[in-house]
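Dumping the structure here so I can ask a few things about it.
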Amino acid sequence: MQLSNLLPRRIWLLLGYAVAAAALFSAPLYLGDFRLNLLAKCLAFAIVALGLDLLWGYTGILSLGHGVFFGLGAYAMAMHLKLVAGGSRLPDFMDWMGLTKLPWFWEPFKSFAFAALMGIVIPAGLALLLGFFTFRNRIRGVYFTILTQALVIITVTLFVGQQAYTGGTNGLTGYTKLFGYGLKTDTAKTMVYLATVVALIVAFLVCRFLVKSRFGKVLRAIRDGENRTRFLGYDPSRYQMTAFAVSAALAGLAGMLFVLHVGIISPTMMAIVPSIEMVLLVAIGGRGTLIGAVIGAIIMTQAKSELSASYPDFWLFFLGASFIVVTVFMPGGIVGLARLLNQKLTRRRNADEVNLNPVVRESNGVV
Amino acid sequence: MKSTSILSCEKVTVSFDGFKAVQDMSLELASGELRFLIGPNGAGKTTMLDAICGKVKPAAGNVTFHGKQGTVDVTRRKEHEIAQLGIGRKFQTPSIFSGLTVDENLEIAMAQNRGVWATLRASMKKSDRERIDAELELIGLGDKKRLRAGLLSHGEKQWLEIGMMLLQEPEILLLDEPVAGMTDKETDKTGELLQEIVRKRTVVVVEHDMEFVRNFASKVTVMHEGKLLKEGSMDEVQRDDRVAEVYLGRKRRDFDAIGSTA
Amino acid sequence: MEIWVSQLFNGLSVSSILLLIALGLAVTFGLMRVINMAHGEFIMIGAYGAYMTQQVFKSNFSTGLFDAYFPVAILFSFAIAFAIGYLLEITLIRFLYGRPLDSLLATWGVGLMLQQLARSIFGAPNVAVASPSWLDGGLTIASGVVFPYKRLFIFALVALCLFAMYLYIYRSAAGRRMRAVMQNREMAACLGISTRRVDSFTFAIGSGIAGIAGCALTLIGPIGPSIGTYYIVDAFMVVVLGGVGKLIGTVVGALGIGVFNTLFEWGTNASLGKVLVFLCIVAFLQWKPMGMFAVRTRSLDQN
Amino acid sequence: GCGGNNNNNAGESSAPASSGAASSAPASSPAASGESVKVGILHSLSGTMSISEVTVKNSELMAIKEINAKGGVLGKQIEAVVEDGASDWPTFAEKARKLLSEDKVATVFGGWTSSSRKAMLPVFEELNGLLWYPVQYEGLESSPNIFYTGATTNQQIIPSIDFLLEKGKKKVFLLGSDYVFPRTANKIIKAQLAAKGGETVAEEYTPLGHTDYTTIIAKIKEAKPDVVYNTLNGDSNVAFFKQLKDAGITAADLPTVSVSVAEEEVKGIGAEYLTGHYVAWDYYQTTDTPENKAFVENFKKEYGADSVTSDPMEAGYVAVYLWAAAVEKAGSFDVDKVKAAAKGIEFNAPEGKVTIDGDNQHIYKTVRIGEVKADGQIVELWNSGGPVKPDPYLTTYDWAKGLSE
Amino acid sequence: MLSVQRLEAGYGESVILRDVSITVEPGQVVCLMGRNGVGKSTLVKSIMGLLKARKGSVSFKGTDVTKKAPGERAKKGIGYVPQGREIFSQLSVYENLRIGLEAHPDKAKRRSKEIPGEAIEKFPILPTFYKRRGGDLSGGQQQQLAFARALISEPELLVLDEPTEGIQPSIVDDIQDVIRSIRDEGKTAILLVEQSLDFVRSVGDRFYIMEKGAIVWEGGREDLDDPAVMKHLTI
């Protein structure tokens, strides 16, 4: 009975995924320049959201500093693009700041492969480093969250201050070519878009594998009771570091793609507000479900664009109100709502439903 | 009955901001022993278990474990290392992973390599599935295995935690009030289960249910105000005036004595 | 020598401001565990409250009376922030206890709306609040060392708020009820406490104190729709560094950040000073992972 | 309050999003369908920059309204499509792309920070759009797709330093927000001071949005400069000037020169904190021209009696008129034709006569040093006597060699 | 005193209690038994108002309290010792007890800084702990505190959910005495959830046994030897 119950559901789900993938792959055929660009941006954010969901939804670690990892990935790609655009000349902002020679750490970014690798390795490495100093010392919860905010402020301040090396507040912009092809041609844009779709699907599959594996179950166990897992013999800090690094790597990947679509990266993208907005994507979509993260990212990024275009003076009212409505009427985000409706319709009690409240207070008594 | 020592605690002292919850407490456990640890509320029983499994660090004293991996000074190890050495713990208030299903709770508790890499590649083998199913049967949660553990009743959580502990297959099981909230019959069943387990392992049980202690204990250690008060068979302990005074209550001793002869 | 005295004073002054902006958050976040991203906007409400009071005095009273506006403004700022906080709690926050992410999302939304509301009512540009003339000038300690009266006034105001909060939270029956509700809402209800009332009152108090902070900040800083965003991160830093849920922690956290910030800024520059302060926070938490005054519990995994 | 009327793009129907054409169609064939032509207005209406940019949006909308009242351009009514850049540079890029490729606007008026302009620039160059940028900036730029109607450095900063040196204020303390404009401006100032016998006593930057200036003020006291050259931006100015006064320092003791404080900012800080301090711009509300009288009057009528006008607002207003004039001259909305026609166009602006320099697409402007008065108005102390030719790369200054290589 | 009529309640989508009716007469000790997970605590929570009734009603002292909040029920005179202790871990033991006084009918007592002696003299250790935080106590000490906290408001109905869990035998005896003396005084009724047959036999007047969310057996003390009792309590 259980099987027959499960089977059609699986099939529906697979069908849904297939339709979604087809729609995404064929988007260049029916979307205009701006729309395609916007969608590509949404998809890049969806990748960050996936990583954040892995971290928050499944491991219970709230990072309000993912803008940094996103930005580091973006800067890695941007450095490459900037060097390619400049040809043999120094990037313009270095010129203004009086540099005469390309700084040594810029040199290797002339290679695309190196830049692409760094766009993932640097964020992941930084996450491992921060994770090492925090998780191992059992810094967690809000204390960890605050540290990620400190990370944001430190990074942004350094990027703004080191104008000669980073372009300061202006960031890096003005790219022209990739692999020798003009970035602004339609084919190039379509290719970059398709690359993003592929990246998103790969990221989704990776995350799915992670959360379905026993590793994923341990992550959720850590979320529910970090100390309890210790007494089962697990070392939570290693799991947390792994999740954090994977999540940061995904953010870096997203950043690289973002730069290709938007054509600029600046410290504003790493700052507090974008970092928080990245988390909100997950909340809107539904934490603890990967597809929720993707849906949340796409819907919210689109909604922001639409609302601000239609009501430039008042759109924040609508955006703010929609956050409130989501939390009050749709705990568990869009996906949570869908599940609730599904449950209401089928009157079925789903055993492995999302945990809406990872922090279920057991007891404040003695252990 | 000749057996080797598996755990020795020597003059363990645990203090919280100067308050000594456990003081100069020594405890020697023989391999394959079922030991009961009793004592008044606040005597330091839970704290003693905490010291053994690494939840608190003793201010003084040694805890040495003579397990499969040789002799180890437990106080120098981190919690997860101690658990990996083979010391398992059930806590006084049910401590399960409320967001995981009953099944998943058991799956991650099951004896296995606890590394990140290993869990990434782990798959549910047929033998694993059978073990878990058998355990589910034993703890009576078979039809709730797909339910989130946070939704279980108090007693069901206790059972689940016992199940997790058993699947973990530690060399020493530290059980803090395992039969609290169970019906009399369930208590008996648990006692029998424990006697089964000690054939292969060592068990320490903290319990206030004297009926249970009397039925299943061979050796009882009584703590009081952080110190050892008495150690011996249940009969010896029960006859001890100080134990009666601080713990059993006069009436209870008489009542129990009658109960045991009846 | 003089420079050290005045820098020490500046450090304490920065601390007092940090404390003022963090006090309200110590209630809504520290005690109630609502990740209150709208805290900055309650500060903004307080600031605009002062502006409105000033406008009323300007148009209705003689110049002689005008200086009296500030004490009125403090009360008004408190009242209006309190009222809006109360309203917010009964309409929204009450659904969010124990749901940290949702509280983050919803209060972020509230913050956006409040900012936009301010923009619609008062316009996007900054508005000016004239400080009362009795706060002009300063106490001259030595040549070149002046303690501005405004700063001294803020010290006094902070001390007063802190003392009142201490009495309320730790010494009054209402405060005891409040702490009980915050720790275990269900059980508190079962013991006869009207948790709804306590909840909304507590959130309103936290908001009201943010309002006072906003009013005080008009003395030294800008008043515009997005001023809340400048203070929110610092406020969270202070509360967390001190140890969530401990009033004393908030005090010491503010002192630490304020004094070190001033010190570093003097030695280097404003940007680097900030970076150094945050690096210190990172380092400090290595040593005390739960803040300066951690709330210890025996329970295995506290919420 | 400010009750700005927000003429939004009401006729969305005309925005084509047909599949084939959309991605490839360059914006050089803008939608001038039927009776109206669309133009984009892209400023930060939310976020920290909105305190400055909203008023520029307002003055641009007013110019559009005035032109429409007079019959529009080429007989077509101008329809403004307002977008919010949200104080976020990538959003500016995104919105610029939307305006050009989706709304197909004929031109865009927008931006405030240099960062936002730099973010939009590649988009305008890629899609061959037209941007009118209305704020003073640090120079060193000249994009074929941008017209700069604010001052470049030789129309604001350099003359103001000359003014100070002439007044004998040689020891200068440089204080700025930590971003590109102040840093570049200060680089120029340092070179100029070094060349002309002045002295930079210290250089300090604070993060954008910084609100505590006690330590900086202590440093100023220590450094004992003759003047503080202030390139702080936005809200930081409020905190700085309030705290400066609290520290017992008045304009008489130590004057400051600000280049990002205009009438609107004076209003937000409170005139009593600024009385006697200097500012450098190309326009003040008090500038005495007939055009300005009408401008100020209309603005107050439109946005309330207690609203004020300022240099960037005027530059935005002027931008709209210059574009309209260029379109009329070209007889077309085509970007390339408009650009070609714009060369040399003159306009009697509120600030006096301005002329578009065809080479760098900046405009000739009259430089004015002013002093803030107790009523919040700024009174001119000095002017350049006539419009100054824009020189964004400072090619005419010997001491600036090597600055802009 | 307390009358639960045809109650249906549950969590989320699932219905736990089906058609449950029980009554507690003044001065009576009513015991509720049943295996783990049958719904005893769920019933108790519904009586306290922590769970909404889907159907049926709860009335106390003749008034319908089905829609009343837990706080109001407490003020009407229901004292509660929950399963799992639920003491306020960051409050001192003294403060925990003061919170217990909140529902006391006598205003003077509510305000008084003194903790009434009668209520806690059965737990002699508690006064020595006044300054310590509730959360630092041992499990059994916390359980005693939870018990005292409920007694202190002199409720007319005491709802006890496995109140002796983790308490040392001598004090369990004392609690037995307390319950008996309360019964003898006849002022307070008690609804007791307990697993130990010995314990309930020695204090109870009326007995209910639950299974799968329904009452399956009820009777007086003399009926306890009924073999059905054993059947319902074993697996």
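Per-chain residue numbering starts at 1, and chain names A, B, C, D and E are given in the order in which the chains are listed.
In this section, a residue touches a chain if its C-beta (ideal position, glycine included) is under 8 Å from a C-beta of that chain, and two chains touch if they have at least 3 such contacts.
Just so you know, these numbers come straight off a predicted model, no measurement behind them.
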- Smallest number of contact steps required from chain D to reach chain E: 2
- Query: Higher C-beta contact count, A-B or C-E?
  - Reply: A-B
- Query: Taking each chain's centre as the mean of its CA atoms, how far is chain B from chain E in angstrom?
  - Reply: 28
- Task: Express in whole angstrom the distance between the two chain centres, defined as the mean CA positions of chain C and chain D.
- Result: 35
- For chain A and chain E, what's the span in angstrom between their mean Cα positions? 50
- Message: Residues touching two or more other chains, restricted to chain C: which are they?
- Response: 115-116, 183-184, 229, 271, 274, 297-301
- Message: Which positions in chain D are in touch with at least two other chains?
- Response: 45-46, 178, 205, 207
- Item | Interface hub residues of chain E, defined as touching at least two other chains | 84-89, 135-139
- Item | Complex contact set, residues of chain C against chain D | 3, 6-7, 10, 13-14, 17, 115-116, 119, 121-131, 137-138, 144, 146, 148, 150-151, 219-227, 229-231, 261-262, 265-266, 269-271, 273-274
- Note: in the complex, chain D contacts chain A through residues 4, 6, 8, 17-19, 22-24, 45-46, 82-84, 86-90, 93-95, 97-98, 101-102, 113-115, 118-119, 121-123, 126, 140, 178-180, 183-184, 187, 205, 207-208, 404-405
- In the complex of these two chains, what residues of chain B are touching chain E? 16, 39-43, 45-47, 92-93, 140, 144, 151-156, 158-159, 177, 180-186, 189, 208, 210-211, 246-249, 251-252
- Under the touch definition given earlier, write down the residues of chain C that touch chain A in their complex. 35, 37, 92, 95-96, 98-106, 108-113, 115-117, 120, 183-184, 229, 233, 236-237, 240-241, 244, 271-272, 274-275, 278-279, 281-282, 285-286, 289-291, 297-303
- Message: So in the complex, the part of chain A that touches chain D is made up of which residues?
- Response: 28-38, 41, 93, 95-98, 157, 160-161, 163, 168-171, 173-175, 184, 186, 189, 258, 262-266, 268-269, 273-274, 305, 308-313, 315-316
